[in-house]
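Quick one: the structure is below, and I'll ask about it shortly.
Going by the order they are written in, the chains are A, B, C, D and E; count residues from 1 in each one.
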């Protein structure tokens, strides 16, 4: 494993607080994910890739921006693994470095319309920028 | 306190008269004002000698072991903290509850004669106790004192004014209350020292032990009919404090034997003529038990298992002692 | 005053190469009360043993120390040798100078020095030994089996065939247990009833077996060889002696809306009922909660139609007290509740069922007469999805951490039976792993796939949704890395199994320890798998852990052989190294009672003479037949009243002193 | 009955009618909602990363403020509820987080999760009682067939939220019954509507909203009711449009006969 | 190498209490596997770790032991089902107390050793002896008067 990936794996495990070794690879997270079709790396793969330290691919994954944070995977996992927490931890590794922001403040006015609730903007900003 | 004493006298009189109880276990004046002794009163008239003041610290619970073996019923006065020890004795079947009539008495905190002496108060004839305000009538005139300054060590970390067991209460509506201190503060301070410092501390303290056994006699938990240290068949019978280890062994084992059972009544330290802070050993066990196995207060109830007679499969390993840091 | 002899073994060169045995023999001579010492090439040989016997006789030895190999090896040998010479076997101590000395040290000087110290410690201990005598207790030649499922029946039959009386206590109205509910059995697909009912008949007809159905154990006292058990025989409201089992009462009963327990609530039964046709005993029972007579006082139809005059509304529970030498726990299991698994819609959709319900649906005597029909509309399903590991291998609070072991196989069986009966019906099995470690098991599973075309999908179901009369099953296919959505007509959940809830109270009653999942624990997980750590209590079947029918029957037989071994003895020799209480010292605090894992300590009010004073005190009493000699009580005892024979405080401290000197 | 009230951003601005309806209904039910002074935005999403400290602070400030007034903290928006309840749980169970947050905030006395967080629906169920509401309803919504949409935030993770059965909830259905309407159950009421990604990928939100809405429609619902302003927006904006989606406080106010504010009760969108 | 008072090489005296069913068998296995450990480790056989009275441990120190180790079955594996659980609580508290009195922490130890763990037994004893050697002779609990046996 690349030294940098090893370091990233440790950070991700620490910030997520997830014990990936608890996963028994039953796939219930992927069975339950309402946005499965849009996830290029499925929730169960996400867990095992963190376990394997295959972080580079995760950093590129579209899934980071497709996870709905609906916690269905967290709720239904029989082993108490929390895949959504891992996805967030990886997303943090993408948006936290300089220039990593996916959503820039300048882009927001264009997104606004009459009815869009504040919380949508705030949450998107919180999730996709740091 | 005087109000409570009057309530005690009159209720005890009534109970004796109506035959509810046959005897009364209370305190009577000793040689000096500041040393009331536990005493049994058999008649209504003798109750005039019943005293209850800031020096009635001696816990009466333990006297019930023998007292309740006798025919008839005995009235006992228990301060809130004394009720824990009473419960403990009930749990271990040492006292007969049916032969006991408990009057829970209110308490403003008991006084430390040594602290009074240190403050230069000598020749005490009597005290006027009114909450925090205290006037000592001495041979050399009156002295006004703040009660909080002269409380016994054990009262500084008072368990509160609730009686855990009683048949009736003799309390006042407006008891004096005081801020209590963290009872584990001194233990924590010692834990923060180096082993050398701790060893020096305990060597200094324990080497003063004269093996008078006052701690053992006062302890409501040390109620063995024959102590292992008095038993030639135990293999650890100890005769005197001829060396530096005897008292270590005695006090460690004594603390261990009461671990999980000690109600933290503080009598051991109070009665120690050498002023050894023996309660710190017990509090160390209590602190560890609380940290390792969950909060436990011996004597809070009569049923259930104590920490050393139960276990959980996920208990901490003994190595926790090394892992928790420190030197 | 003791006279001690010390014998040092060379063990060929095993000891003698690293330990100067002569020097050891010489050194111990100065130890207190040692009157004789010698060394010999092989102490355990006949020559060595006779040297011991001769020395005992010649020097009038009161105790011996053998410095040799581990006591785990030859302590018994030397004790026997001593006994032959008339010495109490517990006056023998072993110094382990081989495994714990000569074999681990290279320098002869070191080895010799250590051997001397170990010998000295053994002498020091022996100086405080006293002769010990094992207690004897009689064995009641009757066994109690709690639970009348296949495990209990098999154990009872095996014990009874050996000629001992056996009573079976079963809490339901019939024996047969869960196996009676099953349709076919894996991996041979023979019919469960066909192989079980003959055993049920054998059990009921066996002259040595006595059945107490609709009965429960109420309380127990005593110990191995001599348990006294109170059994509550619940009132059936039917006199078993008079009833002919004709079934007219069941037919005529007007109250027919109680859920059939036997059919998993899939159909109803009458208030007076026989659980199933082959029930044993074939005597009905009145369900008082459903019976109109019991609820309103009116009705009484069953009484009117019964020509045998067997109906007895006034019948009351009966307490039967009997003695047993051995007790077998065979309390079985039940599937866990599916209430917390609403993602599968078990409680919401009638067509989502458990595997045990599916068994009943497949069964010719079941609610659908063996036709696989959906409970909702009684239509045959076209697509059935089986979900494995529902609640098994789960660490979240509603599940069980263990593998339930039987689900992989019965799910394969269900899918196979379904495809056999209805070749047009598709069967999908969602699995995490397929676990088939058993004889012909994997072949069976492969047949389901290869011959019967069952679709096995590696993955789990995330959600079941009912839409337009179908069950939309959303799951993952991990091999194809896709999410699959199956429009199913029926979903079968392989619910995890757990011990029957009655086991907990029985465990407490019999001091049979349990693990965190409420399975009974074994005396040793490998070497004593059918015994509870408590002497005289044996384990049969699923109450000890998940297992299938072959394993259950094998274990039931093993439990029976242990029971027979016990009952074949007239008397039990106890272990003399048990706890004992010095009554004058006991302060009655109950600490020892609380830590005893065997319930061997009780408190009694006894007359105690202490320094010439006679008084009644509450003191600890050790039941020597029950005590196993662990010593937990001795350390918890603050007064030192409790001591352990053979390992007394003084003995161990003498060893400490000898070693540290 | 008096509660500290945390309105949250959306209900204070874009959807202030819903907040107004909630207050009016509460008043009718004898519940006092005392808005927290100077509350700050909760952050709208619970920070899953354990090293996110700053994003937890505003929730702790709100919780501590309620603790100071010795009241339960009432929330209306399900996102705020989710964030505040989970942060509160962190403060109760995560000693490390508790120490850091307290070090940072330097409150008068350390906060360690003493406040109880209740959602408006929980308040209706547990403090007022649906039976009581039934008695107070003056304008029962008879003949209305209403489908509850729970979404994600209220229910999951159930171990922390402890709101209702996460797979088969009933609180909104009980609420619907209490105001005289007929609850319609359908399987996707606790499946995500895709609200969060509506800014990133509208197509996904459309797909998911459609699934929810058409499932409810197939079961014969004439209205969908939700407790989340974001779901409300998303289902209205991205759903099939076949049934109207309303906020639960609107229905409550209507059933209690609370007079419409000037301009009438209007939808958030 | 540490030197004792008499100027000789310091061989720490270690008393090991081993339960009969697992740890004593583990010690035997270390022997039959010919795994070395220091000569001054002396084993005392007890039926169960729960038989080890704190008195025995203190007595060992009193009489000059430099370290005391208790070995028992692994938790959950006790021959008597629960003995080691009680022993675990007792020793945790006792060791903590000894530490509190200023006795060096390294002098006491508990290790769970099964009958199959001969190597673990030997390794444990080697490590323990190393720790004790580093600490030197134990003087803090020794009773000088008892050096000569009184019994």
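Quick note on the criterion: contacts are C-beta pairs under 8 Å (C-beta built on N, C-alpha and C of every residue); 3 or more make two chains touch, one makes a residue touch a chain.
Please read all numbers here as calculations on a predicted model, not as lab measurements.
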Touching chain C and also chain E, the following chains: B
Innermost chain by mean C-alpha position: C
Pair joined by the larger number of C-beta contacts - C-D, A-D: A-D
Most widely separated chain from chain B, with each centre as the mean of CA atoms: A
Chain separated most widely from chain C, comparing mean CA positions: D
Gap in Å, rounded to a whole number, between the CA centres of chain D and chain C: 51
Gap in Å, rounded to a whole number, between the CA centres of chain D and chain A: 25
Distance from the mean Cα position of chain E to that of chain D, given in whole angstrom: 61
Euclidean distance of C-alpha centroids - chain B vs chain C, Å: 48
Of all residues in chain D, the ones touching two or more other chains: 166, 191
Residues of chain B whose C-beta touches two or more other chains: 228, 235-236, 308-309, 313
Residues of chain E engaged with two or more neighbouring chains: 54-55, 59, 82, 86, 90
Inter-chain touch pairs (all): A-C, A-D, B-C, B-E, C-D, C-E
Complex contact set, residues of chain C against chain A: 343, 389, 391, 393-396, 399, 432, 458-463, 474-476, 478, 481-483
Touch list for chain A against partner chain D, complex: 14-17, 34-35, 38, 65-66, 68-72, 74-75, 82, 84-85, 88-89, 92, 103, 111, 114-124, 126-128
Chain B-facing residues of chain C, complex: 516, 582, 584-591, 594-595, 603, 610, 618, 636, 638-640, 649-650, 653-654
Interface residues, chain E side, partner chain C - complex: 13, 15, 20, 24-25, 27-32, 34-37, 39-40, 42-48, 50-56, 59-60, 63-65, 77, 79-83, 86, 90, 122, 147, 149, 151
Footprint of chain E on chain B - complex, ascending: 187, 190-191, 195-203, 228, 235-236, 242-246, 248-249, 252-253, 255-256, 259, 281, 284-285, 288-289, 292-293, 307-309, 311-313, 315-322
